[in-house]
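Presented sequentially are two complexes of chain A, the first with chain B as partner and the second with chain C.
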Partner chain A sequence: MAMSQTLATDGPRGPKPRHTFSKRNIFIYGTLFVVAVYYLLPLYVMVVTSLKGMPEVRLGNIFSPPLEITFEPWVKAWATACTGLNCDGLSRGFWNSVRITVPSVILSIAIASVNGYALANWRFKGSELFFTILIIGAFIPYQVMLYPIVIILREIGLYGSLSGLVIVHSIFGMPILTLLFRNYFASLPEELFKAARVDGAGFWSIYLRIMLPMSVPIFVVAVILQITGIWNDFLFGVVYTRPETYPMTVQLNNIVNSVQGVKEYNVNMAATLLTGLVPLVVYFISGKLFVRGIAAGAVKG
Partner chain B sequence: MASTMSSAAKRPSRLFRNLSAKIASVPMILTALVVFVGGTLWTVLYSFTNSRLLPRLKFVGLDQYERLWATPRWLVSIENLAIYGVLSLIFSLVIGFVLAALLDQKIRFEDTFRTIFLYPFALSFVVTGVVWQWLLNPDFGVQAVVRSLGWESFAFDPLYNSSIVIYGVLIAALWQGTGFVMCLMLAGLRGIDEDIWKAARVDGIPAWRTYLFIVLPMMRPVLITTLVIIAAGIVKVYDLVVAQTSGGPGIASEVPAKYVYDYMFFAQNLGQGFAASTMMLLSVAIIIVPWAYLEFGRRR
Partner chain C sequence: MSAAANPSVSIQDLTLSFGTVSVLQSLNLDIAEGEFIVLLGPSGCGKSTLLNCIAGLLDISDGRIFIKGKNVTWEEPKDRGIGMVFQSYALYPQMSVEKNLSFGLKVAGTPKEEIDKRIARAAEILQIEPLLQRKPAALSGGQRQRVAIGRALVRDVDVFLFDEPLSNLDAKLRSELRVEIKRLHQRLANTMIYVTHDQIEAMTLADRIAVMRGGVIQQLDAPQAIYNRPVNRFVAGFIGSPGMNFIDGRLEEVDGGWRFGTGDLIVPLSTYGFDKQPVAGPAVFGVRPEHIGLNSGSGWPFSAKAAVDVVEPMGSDTLVWLRLGAQSLSVRVPSERAPQTGSQVEIGFDPMRASLFGEDGSRL
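And now, the complex of A and B:
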């Protein structure tokens, strides 16, 4: 009690608090350090395993660094690992994933940004209702809608094709992206929009000339969100594509979990790293924007 | 008079008002009505039929559901989901909050630590599953390493032991997801006024009590959002199990989402798949509806 009163009345006086090696700091940094090591271990194990030859993997333990560094597993994972009848490695899946991710990111963001813009600035009767359905839809398990979409895609002749998968990604990216853009556009000053209206600008010209240039940050956030999300997708890839058009994640799973043949753990780990590389690079380059992206996508959900 | 005339001429009907906005919203409207509402109703409707290879409208009442709840594999799936769900909810909230609280102590290298804790979240569940399959491999992984250090009887082989396999999946999921929870919690902590802390310190309240009884209740909105996000993710868990255990050993680590997929696309028993996915929808509704009611119902 007396302690707290001196604190309250006296202000900064007395000995300077010790900063560097207090018990509290040792506890905090110690805990954080141990947890950080735990989080980094799998990445470390992936890297060292992928650089060992198979005999060394069988002998040593998974944490020991490679005695003899070899890049053969990487070459094999990329170019010659087999999935089913195809023996051209993960490269096929990589290019499929690129061909899926790029159009999906563009299409889903184009649709969702226009949606968000219409919802924020051009409300019409029923627009809020559709938006509510969209947001509720984000919580419906995908499994419920898997088969109806198979039927729709089959009807329009896109089942099993990459374009079909692009449409699916655009559909399921819509709720969160629309929310993201709607909230962002709603936060822009309304006077700007009104002034443009007075000057006779219409729906599209306001979107293209005023909204787009002002919302570069939110577009970057959306791109980060979508690249990682679509690249990492497994379920839609496995349902809506054929073996020749499987994305990388599906191919990785097939390589690692195929029952026939000798397990080559080093090749598996190289393949895993290759698959994780794109989202990891996006993550490390984008830094704080990634955090902002997931927080924006999630907290307001 | 003239102005009303001209505006009436410009707007012949309510339908054409805002026409560009409506046209631009067609993809959204189609998605909302056809895919989300239509697709959901379609699946629920066909779950009452005996569709096998192709969907057929031949109603059999609740037969599919009776069969579903009599299938051991489904019961195992539900049990796994319950264990996995409860534990991952508790652990990710607790670990996420503790990490966020530690990072919130105005420490140095905060960005470095946050980057390390969050990077697994950028990786897919497939990658996560495959890595942990390797780490938990009893012949080469953690178990073998601990044994080689001299503890010969050490046993930790969740992926080959059907009674604890779901905990192996849980470890991988926590590794992947806690960083994200931490970020949400950190955002919540940063949103709390500095003055609250000062006031608590003036009153001589220890830090852990301030966290537990003052800060946590104030973070209620963030906590609820986090809870809903984690819960919705738990029900969807699929790729992690496929990649890490393929549902094995036997059927010990099956989950409902995998049941749905396997019955729809492998066993060619669509009716079972529809019934199982409807049950998943129901379980999500049980989580979401009270939350939506609390969150949005009160404002009106």
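And now, the complex of A and C:
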């Protein structure tokens, strides 16, 4: 063409073309697909099984979709499944878990955020030592502390009660949450804190009016960590509560592991899904905020 | 109080150390009422630390600080009568400009009408009235810094502290705001203490400059005095851009007159005003690039021939690097008179405008 001959160079120009089915893309998407299937398959089996009746479960085709969809197992798991003497299903455990999780989350985050703020901004004498002790606390295995805490709770008269468990959860959430908040507050510009001091704001006034409004992302992270952590807890629940106050996880275990009668796999699957629903919903709602906050509170210093 | 006059800010024997690291060592500084003091120095010289000590944001190890005749050494920042402007503006991001300005007053429990009145005045002075309802994120750097100044302004303080307030701005905005700060000082006539590492800011704004190094004030004087008669080699090298030319050599007395020499370069010092009785021995001769004449006729007490090494055009001026014997010398000339690289030129200067430093670096 005449046109192209007039150009000084006839070489490539503009954006480099990208092929949809390049070797690279096939490799990346192939890997992602395999990993996704690997993780989703058990979930699929659970959902499908929970929607089948017992006769269909006994056929043993665990991957096949249900011929006849029934919500009977879900209803039974929630309302009538038996654990020990009680036959009111998981509903009792659900409300116990709510009554444990909500105050624990609020209490632990309220205390830990003030801890982190004080450690990051108000360097007091011995603050480094205090912080070190707190961090070491995070590395001591829970099992070591189980029995001493039983005694402590018994002595203060809270053993077996929900408040006892709330206190335990709040204490055990403290090291990691304090670390999280300290690092976040330390990452906020120091001059902001200085400016507030020159403006005459005190400890609480700076915390409530300057720091808190800037820390929504890290609070979201803390709430998610605590909700999932406390909701999924089994060990403390089983040790520090009585059958009437068992959290949902402990009750799920009792339903699934009951030795009498036929194993009702569909009810077990439904009960497990019900128990896992709360953290799952929390993740779905706050996924984006969670990632943003985690990046903001990344461990440094 | 020991100070004779009635200084606005008086710092007496201020010492600050972190563990074994000593940042400030028994520093004394008296600042007059309405004076604009610039603390100037390289990073890590303790200038910002000194400012934080005056503000009360750092606990000092020893010494006393007086503001308006009141000993504020143990006072909280809010009770010292100071307002502070930070490099990163430090505006509260979740509050509107108006809330930013009123925060300190609200904390202090000032009545609503008084707050409104003061905000209106500050907004008028700084021309930020249209921005009052905006959040800091919706402001440009220059506007943010203006709001930050406003936050100090509304508190009706005696002393303004500026901690490198213009360092985060681009060059054009920086020079604009520099003029505005100077205008603000002329209008308010408050005492201002201004920390910077930018010598242009220091020279243009200050009534007096305190050049600092290693936590010690090297020289405290008017900008012109610091520029023309630096007390030591550090100050001489730090002030002035492009920097002063330094020539190592010896100071000798010949036939009753003093002269400076190195190799075959001999500079007679008959016009130089010695600060102290000179002693023969090693010395450093310093002369600013703008004080050397290039092909500018005769009549200089000292003149010599030199070869042009490098020519650096800088717009209004051109910096010419010369070889004078074994020495390298820079000369600042108007651009239209810049010589060709490689040519021979005639240079001359008057030792009266030069600086001579002894072996210990102090001015002779």
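List of remarks:
Here is the rule we use: the second predicted complex is superposed on the first by the 268 of 301 C-alpha atoms of A that agree within 3 Å, B and C clash if a C-alpha of one lies under 4 Å from a C-alpha of the other, contacts with A are read in each partner's own complex, and residues count from 1 in each chain.
Here is the rule we use: contacts are C-beta pairs under 8 Å (C-beta built on N, C-alpha and C of every residue); 3 or more make two chains touch, one makes a residue touch a chain.
Predicted model, so just to flag it, every value in this text is computed and none were measured.
Of the two partner chains placed around the shared chain by superposition, neither chain B nor chain C is touched by A:F71. For chain A, the partner with contacts to more residues, out of chain B and chain C, is B.
Looking at the shared chain after the overlay, A:F63 reaches chain B, while chain C stays out of its contact range.
By the touch criterion defined above, A:K194 reaches chain C but does not reach chain B. Legend: residue contacts after superposition of the two complexes on their common chain; A:F284 is shown touching chain B, with no touch to chain C. Applying the stated contact rule after C-alpha superposition, one finds that A:S205 touches chain C and leaves chain B untouched. When the two complexes are overlaid on their common chain A, residue A:P42 makes contact with chain B while staying clear of chain C.
Of the two partner chains placed around the shared chain by superposition, chain B is the only one that A:I28 touches, whereas chain C remains out of contact. Across the superposed pair, chain B and chain C touch chain A at no common residue. Within the complex formed with chain A, the chain B residues making contact are 14, 17-18, 20-22, 24-25, 27-29, 31-40, 42-44, 46, 55, 99, 102-103, 105, 107, 111, 113-127, 130-135, 137, 140-142, 144-145, 148, 175, 179-180, 183-184, 187, 201-204, 222, 225, 228-229, 232, 235-236, 238-239, 242-243, 246, 256-257, 260-261, 264-265, 270, 273-274, 276-278, 280-281, 284, 288, 292. Those residues of chain C lying in contact with chain A across their complex are 52, 55, 57, 76-78, 82-84, 86-94, 103-104, 107-108, 151, 155, 163. Listed in rising order, the residues of chain A touching chain C in the complex are 189, 191-192, 194-201, 205, 209-210, 213-214. On chain A, the positions that touch chain B within their shared complex are 1, 3-4, 7-8, 28-29, 31-32, 35-36, 38-43, 45-46, 49, 57-58, 61-63, 111, 114-115, 117-119, 122-125, 127, 130-131, 133-134, 136-137, 139-149, 151-152, 170-171, 174, 178, 202-204, 228, 231-235, 238-239, 249-250, 252-253, 256-257, 265, 268-269, 272, 275-276, 279-280, 282-284, 287, 290-291, 294-295, 298-299, 301.
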